Structure formats: structure tokens, C-alpha cells
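In the two complexes below, chain A is the common chain; its partner is chain B in one and chain C in the other.
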Partner chain A sequence: MVTFIVRRLIATIFLLIVVSMITFAIFFLIPRLAGQTTYQLATQYVGRNPTPAAILDIETKLGLNEPIYVQYGRFLKALVFGEHYTSGTGSTYCPPPCFGYSFKTQQPVWPQMVSDMPVTISLAIGAAILWLVGGVTIGVISALKRGTIFDRFSMGIALAGVSLPIFFTGLISLELFSYKWPIFPNVTFVPFTQNPALWARNLVLPWVTLAFLYAALYARLTRAGMLETMSEDYIRTARAKGLQERTVIVKHGLRAALTPIITIFGMDLGALLGGAILTETTFSLHGLGLFTVLAVQNQDLPEILGVTMLAAFFIVIANLVVDILYAVVDPRVRH
Partner chain B sequence: MKRRGFTGLAAVGAVATLALAACGGGSSSSSTGGGGGGGASGPSGFNAAVNGVVNPSNQKSTGTLSFGLSSTPDSTDPGNTYYAFMWNFTRLYTMPLMTYTSAPGPAGSNVVPDLATAPGTVSDNGLTWTYHIKPNVKFEDGTTVTSSDVKYAVERTFDRTLFPLGPAYFTFLLGGNAAKYPGPFKDRKKNLMGLTAVDTPNPTTIVFHLAKPFADFNYVAAIPQTAPVPPKKDTGANYQLHPMSTGPYKFQSYQLNKQLTMVPNTFWNPATDPQAKQLVSKVTVTMNMNANDIDNRILAGDLDVDMAGTGVQAAARAKILSSNTLKQSSDNPISGFLWFAYLNTVVPPMNNVHCRMAVEYAANKVNLQTAYGGPYAGGAIASTVAPPNVVGYKKFDYYEATTKPQGDPAKAKEQLKECGHPNGFNIGVSYRSDRPKEVAAATALQQALSQVGIKTTLHGYPAGTYYANFAGVPKYNHQHDIGISFGGWAPDWPDGYGFFYYISDGAAISPAGNTNISELNDPTVNSLLTKFAATNDATARNAYTSQIDQQVMKQAAILPAVYAKSLIYRAPNITNVYVQRYYGMYNYAVLGLKS
Partner chain C sequence: MDLRRGIRRSGDGKAAGGREVPEVTDTSAPTTSAMLDVRDLHIHFPTDDGLVKAVDGISFTLDRGKTLGIVGESGSGKSVTSLGIMGLHHGTKANITGTIWLDGEELVAASANRVRELRGSKMAMIFQDPLSSLHPYYTVGAQISEAYLIHNKVSKKAAKDHAIDMLRRVGIPNPQTRVDDYPHQFSGGMRQRAMIAMSLSCNPELLIADEPTTALDVTVQAQILDLMADLQQEFGSAVIVITHDLGVVAELADDILVMYAGRMAEYGSSEDIFDRPAHPYAWGLLGSMPRLDRARIERLIPIPGTPPSLIRVPSGCPFHPRCAYAAQTNGRSVNEVPQLRAVGPGHEVACHLSTEEQRRIWGEQAARMQLSPPARHFSQEDA
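And now, the complex of A and B:
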């Protein structure tokens, strides 16, 4: 198992390097190939009516006029060893993993992402627990009570959950429970360490909204998996051997049906940790998702690069965890 | 001045609404919010805060005045900001040499002393401007502000690598070594006082030596860049995290682009800063909020002010306009912004003035107005380049924008004959593809021009790179035959020079980031702007405004669409509320809260 993990970690590093190269190429190389000059690129980071000298100064300061491989090399070096950036009166140290220096805010990118992480992690983990527990439970019950009113009703709700976009359900929930009946007023992020009760209260609406979408998907997946599994021969064998129905369902049925759920859960959670863009935007939560939106809006290349790398990291790590969990859940993998 | 997205421009009542405001609101006070204590008097109703002070009060509150912002400031460093709402907001923590009168109505466009004791005195040759600063103004740490702190504040703006976002007027207005001065971070000589164009003969006097006469210099002195910065406290790029306050509030904490909290500056003296007030115990700004969320929270009473000041979004607009109660708590001012299309004077066949005039006549102004949001949400149909709140504005209408707002195809065809294209011509149109209103405007213009045979090809570009890479690059327009480019404009200061220089002076044409996209290089316009800059008498100077406006329109270099308006919801809980005409939004420097 240790060899397996080490091998996957090494592969992860190579994968991240490839991701960084592709991202770097998309934002630094392709515009040049399309005819954009570095002078034009620098113009985006100067105020209105800039003088040519000011644009040239910015071009030099940001290193945009250097060859692409030099810029990429500097990026990798900062990532591994950190970097010092001048703030005019002194220098600001950006410790590794330093993702560069924002063209717009003139601040290192990494500390900004770190300060946004608690929001996204709080949102993603809380919602993930809700949708996993809720979705799987509903899916199992629906499968076992196939064709009943509960099954039809829950699957109808699930269909609505999958169909309705978050910015719709989010706005509805805000309108009803924050503005009209202020049960959850003033939804703003309060750090857990500062006030756990307020942290939870202010995240209830985003959690539920986000979980509603995913729970619906998980309920349908679980139901389909359970229906298939429960019709397998080994389930009939287990029942024939006189095992309790609960044991048959949980130990033999659900366990087998969980394998695809774990796969998709890892992917979903990893992607969400990289930023729940719609939920954060709808609820005005300043996490990595909103950070991404702003980075793109501002054409702030170091920020875009940083958040892409971080999102890729989360997804790769989540996949690694999924692979390990596979071995736990499915004995066939261990062998 | 750069203004953030106008996506939420809202319901308007054109001239009629102003009249309604006057009826509903009464005249109210004409000064800084007047009232003595309780906030019991003052006008109320729709548009009441356009020309009067709503809830006038000097009563202090222990509450928190909370702002919401759907974007981020370009910077909270007074030396590095160009957004209109930030120039308004910085008055809460800075005192530039000059500022704008804190008052509703036309007085709000008057420039008056702030840190200075009086407006600058200009030498006979127009090249030297002298200001005396108030001797007892203090920074938040109790140290006294000196003229050297003002000089240093100006000097640091010369470092465009650290402070690229603010205006660059000092760079080209000042004489001495200004053209090559790199700023105090790179030039450490003379105890950081290396800019030879600014003298500080004593701690309360500062003298600016200009390269050429510039009569509008008092307006330049009102830009936040003249707010004093103590050299020892300057942290360069990090100064934005905690600028040293001279205003009524100081930074308590600032999580960059997320949350700003300010508390009263105990060293602030109201006697030295009559244009601002210190009425609440805390001011907060929550940034990057969902724009609809901001509207709903203000309506629900959870938030006090939308800091961007550009009006509510469509959903809230519908809610407000359909409820008489809510409508009575809203205002619909002219924002000072003009939406328009540049008509290129270089790209053939638009280089022929008659071809441009054909576009002016053919354009259906009603459809353009509808595209921008309609008479209530977009603005009033414009017949001039300068909006009515520019000092020296005079109404005229050369192309029947208000008399035949649907367009005049007959006259357009006459102009087409004059320009040698009786059956029309082909031309490219650029616009910002991520701005729905501009997309609609481009489509509306395309439809109107096709009625007279002018075939247009639409080119949409991202707003973020529109000026840097496309419309603002003359060479690009020439290569792609783009002769019409949509845009918007608000002046850095509210007179004719402030409005017209960058969009119509030949000297303002630049290879990238260009704002004179028409590439107008008309000797008459250039000469009038030069005279404007050299005329010290304000009355004579402002007389040039309409002359320039008329000449630009005679050249048909700009197709005006609408004088933008915005529907702003006035939270009932806030006091001293009025629209500062210069900013086109509420004056943030004087707001308070009901107890």
C-alpha cells in the first residue's frame, strides 16, 4: 500500500507540472501566437489613458517581455523556493508554494488563496456530508421501496434538484429564508474558530443549496446501483443462507453499490475544494470560487495560474484518496 | 474617471422626475446636511435626495454604516485609484488639497479647499500654483501634516510600476524633472524630495511649477493623489492595506478585496474638514458581493449603501418601481456618464464627415435608448456629447436626436450622396460583447443603418481588453475597417476640459489604451481645448465647453446615445442622504445613521 501511495504521489507531481505547463501556455503563449503583443498585455494592467513609458515600465516589471521559458522557469522556481517581491519601500517574501505576484493587487497570490480556503473548505465539506448522507439514504430507501409513493416522490424531487441551477435555488432560498423571513439573515462567512454557532448558521443556506443539487444526483445513482446489486445472485445466496435483511442490504448490497459513488464523490469534492463558483457567487462568500471569477475578470494571469494549479491539486489528491478507499470498500481491488 | 459597470442602470424620469423631486422634496438645505440633531426635517419621496438632503442630522450613532460592493476597489491607496466611487469613498479617510462641496444640487460640482486654506493662487504666467495648507491637520497617529507630506504623496504617483492605476496628470502637467522623475522609491536623493517641479518653502506652503499653463489645476488638486502621505509610513504597494488617515475615519482592518472596517479617527477635527462628517462608530465595506444580494439586503435593512453607486439591478428595479412605498425611497439622478459610439474620422469612408453625418441621422435614438435600458433604466436621449451636469453645458441638437428620435433616413441619404456613397457603404462596428446593453445597442444601430444602405459587420470583444487590445488600438481599427466603436465616458472633473480632452483632443490619441477612438484631430477642437487650459477666468473658460461640444458634433465624431441615469435605493436608516452631482451618487463623506 505504501509503495502504491508513493507511486501515485510521484505521478501527482508530474501531473501538476503538466497542468502548470498547459495553463501557462493557455494564458501566456497562445495570446502571443494569436498576435497579442506584450505591450498590449501590459496595457491591461495600467490605469486609464496610460503613457507609453508607463506601459513599458509595467511590461518590464511583470517580466512580460522576457522569453516564455524564462517566465515559466521563474514561476517554477518561486513555486519551489519562494520569492521576494519589491513593494517599493521594502520587499515582501512569498514563501513556497509561491504562485507568483498578482498583476492587479500587487500582492503575492498564495496568501490570498490561503485566506480564501477556509470559506471553500467549510462550504464543500459541510455540503458534502449533507449530500452524501442524504443522497445515499434516499437512494437506498427508494431502491428498496421501488414503485412506492416515497420512491416516486423522492425521485421527482431528485429530478428537480438535478435540473434546477444553484443560482436559482440559491436565490429562492435567500429570498425566502434571509430576506422575507430572516431565519438566516445576513449570510456572511464567520470563521469556525471565531464563532462556531454563527459559522454553522450562516452556512446552512449555502450547504443546503449546494447539497440539494448533489444529493439529487447521488440519490439517483445510489438507487440505480442498489437496484442492480440487489438483483445479483450473491444477494439471493446471502438471503438463502439466512442472513439478516439489514446485513444483506448494508454489508453486501450497499457496499457493492458504493463503489461508483465513491468515485464520483472524490471527483466532486475535489472539484468543489477548488472553488464552488456558483454557490460562492450567489451567497457572496469570498472563497476560491469567487477568487477564480475575479482572477478571470481581471485577466490576472498569476492568480488564474495559481487557482488552476490548486484546483488540479485538490482533484488529484481526491482521486488518490478514492483509489485508497476502493481498496477498503472492494476486497477485489486489494487482491 | 472610470466607473464600474452600469448593468444595473435603472428607472428614470428624465426631466419630469427632477420636477417631481422638487415637488415631493422641497428645496431642503443647500449645505452639508444641515440639520441640528434629530433628523426630523428634510425632504422625502422619489428623487428627494437629488436636490435636497434627506434625513438631515448631525446626531452621532453607535451603529455601523455598512457598504456592500459587487466588485473590488481598484485600490484603497489614494494615489492609485481611478474609480468614481473610490474618489467619493476616500473622502472618509483622506483630505486632498481640494475637494467638492458637500451639498446637493449644482453646488456639488464646485471645487473647494479641503486640506488647503483656499483655492490655489496662480502666477501671472499661469505656470505656478501655490497652496497654503491648514496648519493643524493631523494624521491618525497625531503627527501634524506638512506640505512635504503632500509633495511626497504627489511624488510617489510618478512610480507607475507601483501605482499604475491612478491618473497621470502630474506626470505631464508639471515642469522641472517631472518628465523623467521615477518616483521616490527609485530616486532616494534629497531626502526623498527629488521632484523639482514642487517646492515646499515652509511646512504649510506647497508650490507647483507647471510645464505649461493649466487653468483647471484646482480640479487636479482635488484628485485623491494630493492627500498627504508621511514618507516614513509609506509601505509602497502595501500602503493600500492601511493608508494613513487624515479624514474622519481610519482603517481598523482590511482583508484585501474582502472586508474593510474603519473606526473614527480621534485626531480628526471637524473644524478643519467641513466637507465630511464623523457620525457613526464603525464603517464597513463588504466586497465582491452578489449585486442582487446587495440590493436585497439593502431592501431588507441588512445593508445601508451600495458602494458602486451605479444603481440597483433589474430585479430590484422592478420591485422598487412597482411599489409606491419603495419608490418613495429611491432616487434617479443623472450619473454624469454618457453612452455613445465613436465615429472614426480616419477609417474610410468614415473619414468623410458626410458619411459620419449619415450615421448620425440614420441612427434610431429611441432604439438605442431602449437598448441601454429604456427611458427609465437607461437614460435620457442625448443630443450633445457633454451631459447636462458638465459645467458650461448648453443644449443643442444638430442631428434631430430629440426632434426626430426615430432617425431621419431622408437626411441620412442626402449625406450619403454628399460623401460619394449614395447607396451606402460597409463598415465594422466594435462593442463589448460581455455587456448586454452594448450588444443590444450595436444590434439596434446595425438595424437602423441598414435602412439607408449602410451595411455593418459587428465585432464583439471582451470588456477587459476592449481598450488595451481592440477598440483602443488605432492600428487595429484601421486594419479591420472598424469605423464605429461603442463606449461610455465620465469626466475626471466636471467641466469642459475634464470631459472632452481625452475623447476629442488630437494630442490624446495613443497607440494602445486610446480613448480618443474617433481619432479626432480637429484644429478647432484642439485650439479650443488649449485656450480652455490657459484661461484662468472660470466664466470665460466654461464658455468654451459648449463651443467644443458643438464642434465635435459638427465633425460628427461622436454619436451620443443617452445621458445615463441610475435608480438608487435610499435605505431609510441612513441620514444626510443626497446625490453629490459630481459623483452622480450619494455623498459618502457625510452619511450617518438614525439612532
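And now, the complex of A and C:
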């Protein structure tokens, strides 16, 4: 088990390096391959209406005219050790992990992402708990009561949940519960450390909206998984032992049906931690998702690079956690 | 044995022939002391395509320490019968009538909870494929102790010790360490041994083995059959072996019930079925079975055709479309459902052929197959 985790950890570090290479290549290698000169590349980093001198200055300062592997080495070094930047008046230090400075705000990218992270984390984890509990419960009941009114009704709702986009359900919920009946007015983010009650109350609508989409998906997955598992031979064995039906369902059926759900759950949560773009935009929550949208709108290359790396990092880590969990849950993977 | 033969199957005149499910079920206590007394069992499944008469009038008795072999092709209703006895059709749409007396207790009308209590403790079952029948996420030991824990008020430690003991008794080496292994770490034969250990852990009085060796390697099959025979001696359980392999019943069974299309075709002692079979279907089964006491040049004779649909069972004798002797019954086999009748002490057959004809035809067939008189059947020692 320990060797398994160590092996997976080494693989994860390797994977993160590959991810950083690809991300770097997207921003610095592909433009060159597409025929862009380093001067043109530097133009993007300078800001609006730059003077040729300023562009040349940036080009040398960022080392854009150097070979690509040197640039990558510098990029990696900044990520791990930080970077000293010299500007006209003096030197500034960008502590690790350094993704450079935002074009728009002239601030280091990393602290901005850190300040936006609590919003995304609160949103993602709250919604994840809701959809996991809700989706799995509905899925199990639907599977056990297959063909009944409950099954048809909940699967119909699930179909709606999967099909309806967040910006539709989100706006409807805002209209109904924030304006028409102001049960949850003023959806703004309040840090958990500041006021847990208000934190939760203000996040109810985004949570439910986001969870609705995923819960629908998970209900369908759980239902399908349960239907398959409950027809397995080992369920018949469990019944033949004389186990109570509840034990058969939960201990023998659900245990096996949940294994694939764990995988998907980890991946979904990992992806969401990189920013729930639609939900955050709909509810104007300033998390990593909205950060990404703004970065793209402003063509703020260091910000885009930073948030891409961060999102990739979350997914890779989620992958690792899922793999380890999987080995805990399924003994066949361990050996 | 003789006592049982005399009173077996009292009052079930329409056993194999009953096309209608009887509305009134005879719930009077059985007049035998048999461990298991199944009378006029019908298990029907309503489906969108029609009523599937999976089991249509089955009656038999089984004493302690004895083994009954139920033989038939796929879809003949053998597994459905066994699941019906175990009460494992509960929750499906199965419509079960008739009576099943287990040690003086009626099971068909009993509450689902009562049958559940009996399952695993008084009656247990071994399934065909030991890999898929064991839960992949729990250790073998946990699965064995689970069965023991539900029916006995003991500590988990005691249950685990019991599981180790059971594994030792079914011949698993190093049971103290293997108890913590998962099913995928066991070989096929060991899995079936673990399965047997699980089923015997509460010392059941009735053990049903549904194709216990079908999924196993031929060399392992013999070991498992020997093990089952030994354990039956040790535990004194009544055993039902369900199989399509006559070699298996030859090894284990005292009595044999041949099923066809959910009905009883022939029922008798092992000697009756192997030495004096009376039903053309039984002849077919014997003729299609490789035997070591037969000349090697002889080809195996397959039974023509396929088992019938259980929704539209052929009229009259369900076997008549595949029967080479149907023409000799003056059309009765097409129009009239054959009733079970005795052709010897405790030996019954549902066939329109007269007893004389049956003896004559089997005599010819046995001669053609060059069976050495006294016909010895295939057994594990020979193999």
C-alpha cells in the first residue's frame, strides 16, 4: 500500500511537470511555431499603445528572444524558487510560486488567485456534499423502486437537471428566491471565518444550483450502478446467507456501486476547484472561475497561465486522491 | 429408505400434468419425517411475453444425510426450483404455489422474514460460479463470519475463529493467513471451497448445490465433489445437487430427479436412472454422456432439437417434438399430458410408452452402447 502511494506520488510529480510543459508550450512555443516573432510576442506583454523601445525592453527582460528551453527553465525556476524582476527604479521579488505580474493590475498573479480561492473552494465543496448525498440517495431509491412513480419522477427531474444549463437554473433561482421571495437576498461572498452563518446563507443558491446539475448526473449514475450491482451473483449469495435486505443493499450493493462514483466525484470536484466558471459568473461570485473569465477577456497572459496551471494542479491532485481512495475501497487494485 | 419410498408423493395426482396453478394449496403437515418435502411446486413468472411456467408441478422428498440430484438441460427449471426452496424469489414477480416442508415447517406460506432467518442457518446454498458469487470487496473470512454472525450471537473474534476453522475443514492450507485474503487471491477451486465453508458455517440441515463444479477445472471438479461427499458425512446434511452433468450425480446422488420443461420426467434412485431409465429423455441424457465403460469407437448421441420455450410448452408430453418414440403412442404424446406413474418401487416416470416398451427400448439402447452388464456408471475413481 505504501509503495503504491509512493509510486503514484512520483507519477503525479512527473505528470505535473508534463502539464507545466504543455501549458508553457501553449503560451510560448506555439505562437513561435505559428510564425510569430519574439517582438510580436513581447508586444502582448507590454500593454496598450507601447513604444518600440518598451517592447524591446520587455523582450529582453522576459528573455523572449532566448531559446525556448532556457525560457522554460526560467519559468520553472520562478515557479519553484520565485524570481527577481528588475525594473527601471529597482528590483522586485516575486515569491514562489511566481506566475509573473498581471498586465492589468500590475500585481503578482499568485496572491490574487489565493485571495479568490476561498470563494471557489466554499462553492465547490458545499455543492459537492449536496450533490453527492442527494444524487446517491435518489439514485439508490430509484434503483430499488425501479419503474415506480418515484423512479420515473426523479429520473425526469434528473434529465432536466442534466439538460438545463447553470445560467438558466441559476437565473431562475435568483429571480425566485432572491428577488420575488427574498429568502436568500444579496448573494455575496462572506468568508467562513468572518461569519459562518452568513457564509452558508449567501451560498445556498449557488450551492443548490450547482448541485442540481451534478446531483442529476449522480442520481442517474448511481441508479444504473445499483441496478447492475443488485443483479450480481454475490448479492444473491448475501441474500442466501440470510442477511437483512437493508444490509444486502447497503453493505453489499451500495458498497460496490459507489466505487465508480468515487472516481467521477474526485474528478468533478478537482475540476470545480479550478473554478466553477458558469456558477461564479451567474452569481457574480469572485472566485477562480470569474478570475479566469476576466483574465481571458483582458488577454492577461500571466493570469491565464497561472489559472491554467492551478486548475491542472487540482485535477492532477484529485486524480491522485481518487487513485489512492480506489485502492482503499477496491482490494483488487491494491495487489 | 423403503419407508420413504412408500409414502413419497402422497396426493399429487396432477404433479407433472397440472397445467393450471391450483388455487387451493394443501397445507396439511407432511406425513413423512423427511427433512425436505416438496409437493406440487409451481413457480410461474408473469412476463410481457406471457406466463413463464419455470417450474410446473414438482414433488420430491429428501431425508437427512441423503443426496438428491436434479438433472436437466438449461431452462428445465432446476435452478428456479432451488431458489424457490431458498425463498430467493421473494421480491420478484414469481408466483409460487404448492408446499415446501423443511423439517416440519412450511416455507411457501411462511413470512419472508421467517424464511430469511432459515436461510443460511437451516438451509444454505452453493452457487455455480464461485468468483462472481463472492463479494470482491470483502475478505473471504469476513464473508464467512458474516454468515455465522447473523445467526449466532457471538463476538467477531469468535466468528473469525470459526471462519478459520471452517476454512481448515474444507481443506484450505494456512487458514489463519488465508482468512484475510480476498476472493481474487484464491484459485477457482479454493473459492468454491470457501463458498462451501460459508454455506456450511451454520451447520445447515439442507444444502443446495447449484452446479457446484460447472465453472471449475476438471481436475478440481473431482476434488470438490469428494469434499462435498466427505462433508456430508461429517455434517449429516441433506443435499440437493443441481446439475446438467450426469457424472456429478453419479458420484453424489442417492436419488435422481430428471426435469424437463419445468416438469418431472423421471424420478427414482440413482440405480433406477442409470440402470433402468424409463423416460426417452433420460435415455437421451445417458446416450449423450461420455462413459468409460463404453466402447471407445461409439459416438455420443446428442438429443435432437433444443429445450422448449417455457411460455409455449408443447402440447401433451413436452418432450414429444424431440422424442424418437412419440410416434409409437398413437398420438397420445401430442394430445395428452403424461402423468407420473410407478414403473418400479419408488421409480416413477411421466411417459406414454408402456413399461414393457420402455424396457425393450432401453435394453436395445444399452446393448448398442455396449454397456457391460452390471452397468457401472462413470465415477470419480475411474477418472
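Just so it is clear, the second predicted complex is superposed on the first by the 285 of 335 C-alpha atoms of A that agree within 3 Å, B and C clash if a C-alpha of one lies under 4 Å from a C-alpha of the other, contacts with A are read in each partner's own complex, and residues count from 1 in each chain.
As a working rule, a contact is a pair of C-beta atoms (placed from the backbone, for glycine too) under 8 Å apart; a residue touches a chain by one contact, two chains touch by 3 or more.
What you are looking at is a predicted structure, and each value in this text was computed from that prediction instead of being measured.
Touch criterion met: A:A54 reaches chain B, while chain C stays clear of it. Of the two partner chains, chain B is the only one touched by A:T105; chain C is not.
In the superposed pair of complexes, A:S20 makes contact with neither chain B nor chain C.
Once the two structures are superposed, chain B and chain C can be ranked by residues of chain A touched, with B on top. In the superposed model, A:T237 makes contact with chain C only, not with chain B. Applying the stated contact rule after C-alpha superposition, one finds that A:E175 touches chain B and leaves chain C untouched. Legend: residue contacts after superposition of the two complexes on their common chain; A:T292 is shown touching neither chain B nor chain C. Of the two partner chains, chain B is the only one that A:Q40 touches; chain C does not reach it.
Contacts of A:Q71 after superposition on the shared chain: neither chain B nor chain C is touched. By the touch rule above, chain B contacts chain A in their complex via residues 2, 72, 74, 82, 156, 159-162, 164-168, 171-172, 185, 234-238, 240, 255-258, 286-290, 292-294, 296-297, 299-300, 302, 464-465, 467-469, 472-473, 502, 508, 510-513, 515.
Remark: chain C residues 86, 88, 91, 116-121, 124-125, 127, 129, 132-137, 139, 143, 146-147, 150-151, 182, 184-185, 195, 198-199 touch chain A in the complex. Considering their complex, residues 232-234, 236-245, 252, 255-256, 259, 329-332, 335 of chain A touch chain C. Listed in rising order, the residues of chain A touching chain B in the complex are 36, 39-41, 43-55, 57-58, 60-61, 86-90, 92, 105-107, 112, 115, 171, 174-175, 178-179, 182, 185-186, 188, 281-284, 286, 290, 294, 297-299.
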